[in-house]
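Below: a set of structures, written as structure tokens.
You will see chain A twice below: alongside chain B first, and alongside chain C after that.
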Partner chain A sequence: MSLITPNRRGGANKGGARRNENNRIYGLPLPLEFSTPATARFHPARHILGLFGIPDTRILNPHCEGTFDPLTCSVWVTNSKDSTILWRRGFFGKGDLSRSEPSWHTRQMTARKAAGKFLTSEEIREKRRAERKQFKLDRAAALAQAAAEAEAAFAEGREAAPVAIPSGATWKPQAHPTAEDSRSPTPALTEEVEQEPEEPLEDLEHLQLTLQEAFFLIWNFNCLTVIDPATNEPMSLQQIWSTFRSVYCDKLPPPLSEPAMKRFDNPFLVNYVAYHYFRSLGWVVKGGIKFCVDLLLYKRGPVFHHAEFAVLVMPVYEDPADQESSPFTLANAEPFSWSWLSTVNRVNSQVQKTLILAYVTIPASSRVSCDQTMSPACLAHYSIREVVLRRFLPARMRD
Partner chain B sequence: MDDNLERPTSKSQLPPAEHPEDEQSSGDEDQGPDWTKLPSVSGPRPVIPKRGEKDFEPIAAGGSGYQRHVLDRSRSAMFDALRAAPSISSKSASHAVWYPELARAHVTIARGVVVANMGHSVARPSLDPGVSQKVQKRLELLPEEALYLIERGALFCRKAGEPVLAEEERLDEMEGAPMSVQQAFAEMIGKEDLTLEKYQVYAYLKRLGYAVTRAKPPTSEYPVPTPYPSAASPSTTIFARLRNLFRSFVFGLRNLLLGSFDWRRPIKFSRWLHHNMDYTSLSKSLRFLPSGHDVPLHIKTKSGAPPSPYEIFYHLYKPSTPFKKTAPPPPDFSVVVVNARTTPIPSLHELSTLFGVLPELPPPVPRKRQAFTPGGSKTPTAPPPVPTSVAPSSEASSWRKLFQWAPSCMTKQSSPEKAQPQAPRTNPFLALKTGNKIIVIAAVDAGTTTFFRFGQGVFKEWPML
Partner chain C sequence: MDTHPSYPALSEVLPKYPKVAGALFQTYNDLKLAQQWTDLEVLDLPSCSRGALRGKRPQMDTTLYVIPCSLSESLSTSWLQDAFKELGEPPHIYLAINAEDSSIVYYKISPGIVKPPV
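Let's look at the complex of A and B:
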């Protein structure tokens, strides 16, 4: 079930029905669509190709449009049709007023109608958090009661009666009388609101693509056009290549920004190599800041299942001299301590994700000429390899 | 599997039922031993209270007599257990002599586990006066082995050169005053590359039942495990050669018709040639960046840098593996021991050096769920004998597409592949999480050891699209 389209079937939309719905909506893994035109009239191309056993497929390119925003270092897609296409075919980008899918408009519309019938993912999240808070209060109260009971029993010298402590799996939210009372005045209010003519709600949200996602779409599929905000003209590939790299160089003081453009350790390049590699293997790659890591890998998408892998991108300099002279501070370039690695591993295993260290080697400027950075051909000199990190428990691995 | 230990639960964990005589086993991984379960020599066994949770804040109503009582009970049980003297009879203990200059303990009387899987036999010239010079083989222990046995109380070791008691003064075969545990620690830590961290890892693994040997033989007499079976070289059968030839032909033809790789437009679509016309082949064409562990590394290392501490130190054998002291099999795990405070995590160069010496393991088979039998035998999860990877390959499918008009040709070529027994299907996530080469790194942080498994990633072999 798409979390923003209303479900008319109510209870039937669970489990299998929701999965089928998701498979239907998010069925295309990439923005390009391959179609076999089922035209009845005679077409010579189809028959000639058919002799070789080759089906006649066409590519449908959605040709989305976005604007580059230098302040946020991202590409904004304001057209809601384009952002829906980019989200539904490959889960690119993030709505800036939403949790992930651009659902702000739908949430505002449902807030105008009777509340409680349709829930977006943000509302589901709030509900879940409130329930969990209530569970924690109940559990703390039960623990306090158990401790008081044990204390009283000890003072009297008898055995304490066991007190049931709620566990997360079996606790059910109880209907609280206070919440129901607060609901009753609202239907009266909403009725009044609906009688007034509503002004059409403008969609104020846009889809935000990171530089790596945008470049991936432009370079490989040519399905995104990026508009320069200063000139309102679409940018060519060469302009996009140099603009995306200069975002990191412009932050440096002027004498350093010019030579920094020719460096191989530009954070855009390093992160792009990792992004492209995992996308080319079919994984949906999203940001991992919530779990102390750089990237999260989903098998088909966030709506299907939780991420299985958490990736830390570790840049490795081929020449240590490059690292010393670097104006950029790349994260994880210096080998960090075991305590930090333990921390990140512990955080991720709490949420059942496996930690992957993706090593991206940065070519040495002594081995590869710096002029290569002028075109995407320099990406051929990087390399990426991954290492899986898990804890080893000797007591469990004995058999 | 090991994630289960780290998931928080609101229920307090009861210690697993333990064999009462097994005084060396500890309860949970991360908590100390349950002192109330250890047998104590002095007095009757104390009443065993359940190990419960300590409150983290005082009760609002006041009064924590119950809590204090529980804590006192556990503390006194711990002190009682520590006070108990080690209870091993001298009849079952072995005797040895420690030679500091050789850094070895020569076992004079060997009993029990000492002979089974510890120590190695070394030929040394006999030094007794009066006996003619002849080379005798004797059992010698490495410092960590001797120290472990002394700590357990299974070995009485005296230092060579200490005064030897006369025959009449001896009690129970003891030739002289045995070393105390403190003296043993002072003598043996620091000899033969043995640091306190390495000893702690050794003792912990031995206590769990593993057989632990050194990876780098300290002397030539030390038994070396049989080398790993070398990875099968890419087959040079005629079938494989033909396939390579055909692949290069198709590649050249494609380049001719579509133009060579252009970095301005890396993905080319062609309707007539049906190139990149579905998601699988499109995804495959996207993999043009150099990736994987086969790509050569050009990392420059500083010439004056000290040698890296990341070296395989121990070979680990599971308790179920038949371990023969004189001819050890290839190890189950290779362990590196580092001090977590002074050493950062391994760099890529160090990791690839470590992976370079390890064998490639086949993808893991999912555990077969067996119906519970009272006899209790579990089938070991042996990897299937078929070494071929079960990873999907799309090259065969592209072959089939182009040769649809010659079905007979295809069946002949695919039959030798089908003739092999059908290997059980590997779960791709299991293979991805394990990797194909495993190195275990033990990071010791002032007594607390954490073991990490670094596996070489195999994402390229298991694409999702």
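Let's look at the complex of A and C:
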């Protein structure tokens, strides 16, 4: 079955089973779990308390742990149980050696055993790329053949015989003996299986959370503890708040880094406003570097459906003087060119995503005191507006 | 990061260029562990003030060059030209653009115009 042509038949049972499985595994949208103690009988006291707003449900907090890494400006979750929880309950983070979910260890073990039953998404991607490459070669060969045929026909003064040129929708991969899976048993690998079991492979991957994701989990749910790598001690909320902002200030030349800490246009703050906004509306927010944007919005998660929206974070200064005095060069803060916008819109239209420009207004330091930046409460002074972009073709879009 | 098994190979170059240390570390790990490149070496590129990587893709024999950079940096064509000169004019280099969530996007850059392969 080809991976690049759309699956028209859509194996109903297989798709349904996978969907139910996904609904079960990814059932919790956030790391917190609400549990109601199972009472066989209706309990009047608890019910009355419930009516007064004192519910019987307990909040189960997984209390995950991560370590702050200043060089990569991120929080690393090395404990595999915690990283599974954070990924499955809200799709937080990304495996640093994988496309999405940390699957490096699984892939390595599969490669060793050479008997993989489940393909990880990376392996599916490789198969798809190999198929697409083969399709392109077949198409190029067919085009060359058609051109040669046309030349020959013209030279002989006859009609050219038609040559079938494969199209993306109908091409089927042929079973090439040379292009087989690297996991098909070769003599060397079968020997390995009969040998002694190899030494256990250490999992060198971690789940990497951006500073925005980590702060969202800490501030709103208190389900993540961040360890300071220098002291190995958990950091307090105040320390986290100032460390996450200082990461961007420390990159500046020394005389500027101190006053920069009190600025409202710290990249951490601006990006956090956008992240928090979309997350609080229920979207799953992931990074958008693959599509030349800042954020991708998923309705339920990457596992369920492709992202529908691509968000560009555009900072806007309430006071232009702040922009002139800014030591940070925030991306997209300057007026952009039509060619740039057109490019980004094209890239996203081709993958059926709608482009959203999210304008984040940075408060003026003349109006709001800079001391407010000492606490997360300063986020209330930011505002965000979205502009949805779609290309309009007057000739075609008449309805 | 210092306890990570990849750190010793990078220990000379990482402290020299702290602003791009994260990008170099992420790119090195991706190439070595995820992409399974062989003969991976760390080079020092003073003209671009960063470390670069040189290695071979699995099952291929050509030596390829990868220059890591971070998404928040701004580059210029003169920077790229300096890189080409310092690496000894390879036919093409890969620019590894790192994001904070550890996504890496690789761009193949050639010094002149290139015809599509197919």
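Convention: the second predicted complex is superposed on the first by the 352 of 399 C-alpha atoms of A that agree within 3 Å, B and C clash if a C-alpha of one lies under 4 Å from a C-alpha of the other, contacts with A are read in each partner's own complex, and residues count from 1 in each chain.
Operating definition for what follows: contacts are C-beta pairs under 8 Å (C-beta built on N, C-alpha and C of every residue); 3 or more make two chains touch, one makes a residue touch a chain.
Here the structure is a predicted model, which is why all the values come from computation and not from measurement.
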Joint occupancy of chain A by chain B and chain C, clash or fit: fit
Please work out whether A:290 is in contact with chain B alone, chain C alone, both, or neither, and reply first, second, both or neither. second
Going by the contact rule set out at the top, does A:320 touch chain B (first), chain C (second), both, or neither? first
Is A:211 contacted by the first partner chain B, the second partner chain C, both or neither? second
Classify the contacts of A:390 with the two partner chains as first (chain B alone), second (chain C alone), both, or neither. first
Touch check for A:157: first (chain B), second (chain C), both, or neither? neither
Examine A:165 and indicate which partner it touches, taking first as chain B and second as chain C; both and neither are also allowed. first
Which of the two partners, first being chain B and second being chain C, lies in contact with A:281: first, second, both, or neither? first
Between chain B and chain C, which makes contact with more of the residues in chain A? B
A:148 contacts which: chain B (first), chain C (second), both, neither? first
Geometry row: CA centre of chain A as apex, chain B and chain C as ends, angle in degrees (steps of 10) is 110
Overlay on shared chain A, then closest C-alpha pair between chain B and chain C (Å): 10
Common interface residues of chain A with chain B and chain C? 139
Which residues of chain A touch chain C in the complex? 69, 71-74, 93-98, 104, 122, 136-137, 139-140, 202, 204-205, 208-211, 213, 229, 251, 267, 286-287, 289-290, 329, 331
Going by the contact rule set out above, which residues of chain C touch chain A in the complex? 1, 4-6, 14, 18-19, 21-22, 25-26, 29-30, 33-34, 71-72, 74, 97, 99-103, 105, 118
Note which residues of chain B are touching chain A in the complex, please. 1-3, 5-11, 29, 55, 59-61, 63-67, 69, 204-205, 208-210, 263-267, 269, 271-274, 277-279, 282-283, 286-293, 295, 297-300, 302, 318-320, 333, 340, 343-349, 351, 378, 380, 401-402, 404-405, 429, 432-435, 440, 443, 445, 450-457, 459-460, 463-465
Seen from chain A, its contact residues with chain B in the complex are 29-30, 32, 34, 45, 49, 53-59, 139, 144, 147-148, 150-151, 153-155, 165-168, 219-222, 237, 273, 276-283, 299-300, 308-309, 314, 316-320, 334-339, 341-342, 345-346, 349-350, 352, 354, 356, 359, 361, 363-364, 367, 375-377, 379-399
